[in-house]
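Shared between the two complexes below is subunit A, which has subunit B as its partner in the first and subunit C in the second.
Presenting the complex of A and B:
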């Protein structure tokens, strides 16, 4: 180490202190405290009077039909969103990946819902999904009747509410994943594609044998990130359906929120938070492992 | 742009794309149009209702502004985003610089500890963090709630990780020559390294902007009084509190969207296209 470097490195604590102190105070300490509370019967208003209750919170949660329903709904939501959004984003990226400047506008158009905030879009889509009533209806039903399909109750139909929220979420997020794929596409060899075309490979063959293998890393990244984002869903059902009808759109995050502020059962809320962390954290580590292996 | 796949005529491809894009954006286009419609004309999808000069109004905007107290909501949200993105940028960049460029004992272990925190999204942290914020008095009146909306999110593990990557890719020679001229660590960081990673800084600001302008779960816990509501909470309140006026709600949605689009456009200009790749790690 050179002498100037040594002198400069004495400043290191001052560079690190603000960030590390804030992370310790607002991330590490709260998580440690939550871990402790998850083994107690801590109450929202008086957590200091908590008594040890072992693994009761965890076993109660795993047996609780409402929490299990919330978990199932969230998994179903992810199962709907992840494959459809990934495929659509991939196809969109292939389609708009053109050199002419005008295509920038198209890329911007598909990206626009990503910029508009989720609460705004949740409110908007509740209005778009309005069921038909008298001569009035929402835009979605109006579009359906244009092509001769019957109107639906959408968010008020227990079978359609979750798919409707999934469709809206795919629409919102597809532009972001399209941009990630576009970035990946810039690394695909043009020469290889041209050679394949000259040799008579169809567009489908070129995608399957050249683009997909070249984008393997990107595809894994998109799938895992979309899965994590899907499991974090909260705003849409909270604003659009309040978890209904009949708990059909209740999600994990909303049920944690309810356990905290409605049941005021802090201990159980912390246990639920840790179960949720196990899931989301596990997915993140899995993603990092996958992409790192591909790199080496 | 490499890797073009389609052989179809560009004009036809363009035409199809524009039609698809308009259909894709129809919900947002309708949101803007309907926000200028009189109540009672919003849900009637007949050509007589829409292709007419009757029934257009600005009143929804005036009503939404007043009923949702949007002046206050926009102020809280703008302050929140500006403080988190602005102060957070310095806090995270300084830590990232230390991890990338300074040498001290336990650096790699400490950095690994920071990186592991990336697996904690706000939805996981919300409940545990809420109690720390409450214990510290970061909820209640305007100042307290504003602190509660911002201070816990100043330091971000991902931003530190992301900026460190960019500091690492800077050439060392730059700093060596500056050191010969007697520049201290802070001056090297502030006047040399920071300007050199400007696109990365803009990326971090954009991510913070999108995340916090759209914040909902956290403000729901922290902003318990009307005067501390963010713009999203104002909208949610207008959406659920009777009397339900659809025109007002749509106007409020438009007003909640315009600032974030304007800010996004502004910061986006500082990102060069290659920057998009750096996010894939």
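Presenting the complex of A and C:
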């Protein structure tokens, strides 16, 4: 080891120290506290009076029909969003992956919703989804009527509210994944594609046999990130439906918020958060098992 | 080769962070050194309201120079209650704080507030509107007092009503629900949208606040009188009947379930407006002499009005409780506190002597606000479970407006609220604390 390298390895811990200290203080320590509180009946307004309650919070939550509904809704949301958003982002990326400057505008247009604040979009889409009332209706229903479909009460129909919010979320988020795919596409070998074309491969064959295998790691990344983001859904349903109608758009994060700040039941809220972490973490690990990245 | 000297850099970084961390701390101003500081928290309102609050605090500091000094910190309205909860958990509450009226019971239940009875004389208290005293009274003791109260009335456009052949009730009286529906029917037939219920309001509280009077007017309740059970109360026969009557307004298309326009009455779209005191200045301006106002229609025998607003309390851990109480007396003083804040936010002054400072309270619609608060207004239930109760009740109202079957939806809300109550740790409900009205 050269003296330079030695100096580097001596220096390393000192440079890591601030980051590690902050991580320990703001991530590790709160998580340990949450873990501890989840076995107590802690009240948010008086946590020091907490008493040990064993696994009560966990067994209670798992038996609570409202919390189970929230899990079911969130899982259904992820099931709707992840495949559609990933495929759509991939197709959009293929479509706009052209060098001519004019296509930049299209790329920007698809990316725009990602950078607009979610509350603004939620209000906008609430207006778009407006049901018919006294001869007036939202744009979505107006568009449907052009193709002869009946108007729907999108956000107030228990069967349509969650899919409607999922559609809006896909529209909002697809631009980000498209950008990731676009970046990945730049790494696909031109020579290979040209060779395939000369050998008579159709566009579909080229995508299937060259582009998709080359983008394997990107696809794994996109699916993983989209899954995590989908499970964290909160703002759209909270602002557009408040979890209604009934509990049909209630999500896990909203119910954690309610347990924390409305019931102010800190112990239960910590248990709910840890259950949520376990689920998302477990799912991510499971996904990575089945869609392992290729390392070179 | 130059070697990096990590330790000094790291030390410098820590020093820097430490300096940044302490930069916000105040240095003692020699003029105020030794004068006890009263920390005051306040929710952020409209800018005019915040400026008025700052001016009130400045005037307090001038009037009490050498004795006490207040420092008012504002927090955004939409996360103020969360902020209080977090500060309570960290034992970091200020001396005096602004509180949302219906949440006072929960803070008292958690032991965060000190009683105020000792600081106000019976004569002073008698000057406050009864609704404000009731709102702040938990288990027979006073914990909060406000500078202003609120009101909801049924505004109407005399010209639109006359054009549809609808006769408004005599001044100061409201309609029965059937009279209200009959009026809506006539207005509907005349081609105007009858009434605005503001179902697009994003806050859950609007629904509980504005429409609980419908069930109260039919003899119903949201929660048992002691505030500890909704079983058989929230989905009672009276409540179901009252909300079926309420639902009829939407079923007959008399009010929009998903409106977009925030002020359909002001823009001439609806003939009546189920709305609060905050719309009075704008309605008076746009409608002029055509503006009428009546108490809310009643389902049962009794006409009931909503009330309640932000109020002030003293923290149980206040370092200077007597000075915090001094601040409370200042913000609820007719001249120094109530007049400036009410001029800024347009709410209803909470003291009779302060009402005398506002000549508009001789005329409609303002006169009606005062009459309601004196006679027919009912504060929202004082229960530690209010936050959950209001959210689930608001959810039920939204669904009922959109056509859900009333009994089933109320029963679902009742089950959910009761589950939250039953799950409450037993330690938090000592036998000595009860919530009798």
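One rule holds in what follows: the second predicted complex is superposed on the first by the 261 of 296 C-alpha atoms of A that agree within 3 Å, B and C clash if a C-alpha of one lies under 4 Å from a C-alpha of the other, contacts with A are read in each partner's own complex, and residues count from 1 in each chain.
Everything that follows uses one rule, which is that a contact is a pair of C-beta atoms (placed from the backbone, for glycine too) under 8 Å apart; a residue touches a chain by one contact, two chains touch by 3 or more.
From a predicted model like this one, the values you see are computed outputs, not experimental measurements.
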Partner, of subunit C and subunit B, that touches more residues belonging to subunit A: B
Which of subunit B and subunit C A:15 touches, first, second, both or neither: both
Touching partner for A:23 - first (subunit B), second (subunit C), both, neither: first
Partner chain in contact with A:47 - subunit B first, subunit C second, else both or neither: both
First, second, both or neither for A:244, with subunit B first and subunit C second: second
Contacts of A:258 with subunit B and subunit C, given as first, second, both or neither: second
On subunit A, the residue positions that both subunit B and subunit C contact, one per complex: 4, 8, 10-11, 14-15, 18, 47, 127, 130, 239, 261, 266
Footprint of subunit A on subunit B - complex, ascending: 1-7, 10, 13-14, 17-18, 21, 24-28, 30-31, 43-45, 91-92, 94-95, 97-99, 102-104, 110, 114, 117-121, 123-133, 151-155, 157, 160, 176, 179-180, 184-186, 188-189, 210, 213-214, 216-217, 220-221, 232, 235-236, 239, 246, 249-250, 253, 256-257, 260-261, 264, 276-277, 279-281
Touching residues on subunit A, where the partner in the complex is subunit C: 3-4, 7-8, 10-11, 14-15, 17-18, 41, 43-47, 49, 51, 53, 60, 64, 66, 127, 130-131, 133-134, 153, 155-156, 239, 242-246, 258, 261-268
Touching residues (chain side subunit C, partner subunit A) in the complex: 1, 3-4, 6-7, 9-10, 13-14, 17, 81-82, 85, 88-89, 106-107, 110-112, 193, 202, 204, 253, 256-260, 385, 387-388, 391, 394-395, 398-399, 402, 404, 409, 412, 416, 419-420, 423-425, 427-428
Subunit A - residues contacting subunit B, complex: 1-2, 4-6, 8-16, 18-23, 25-31, 33-34, 47, 94-100, 102-103, 106, 109-110, 112-120, 123-128, 130, 135-139, 142-143, 145, 171, 179-180, 182-190, 193, 197, 203, 206-207, 211, 217-218, 221, 228, 232, 234-235, 238-239, 253, 256-257, 260-261, 266, 269-270, 273, 276-277, 280-281, 284-285, 291
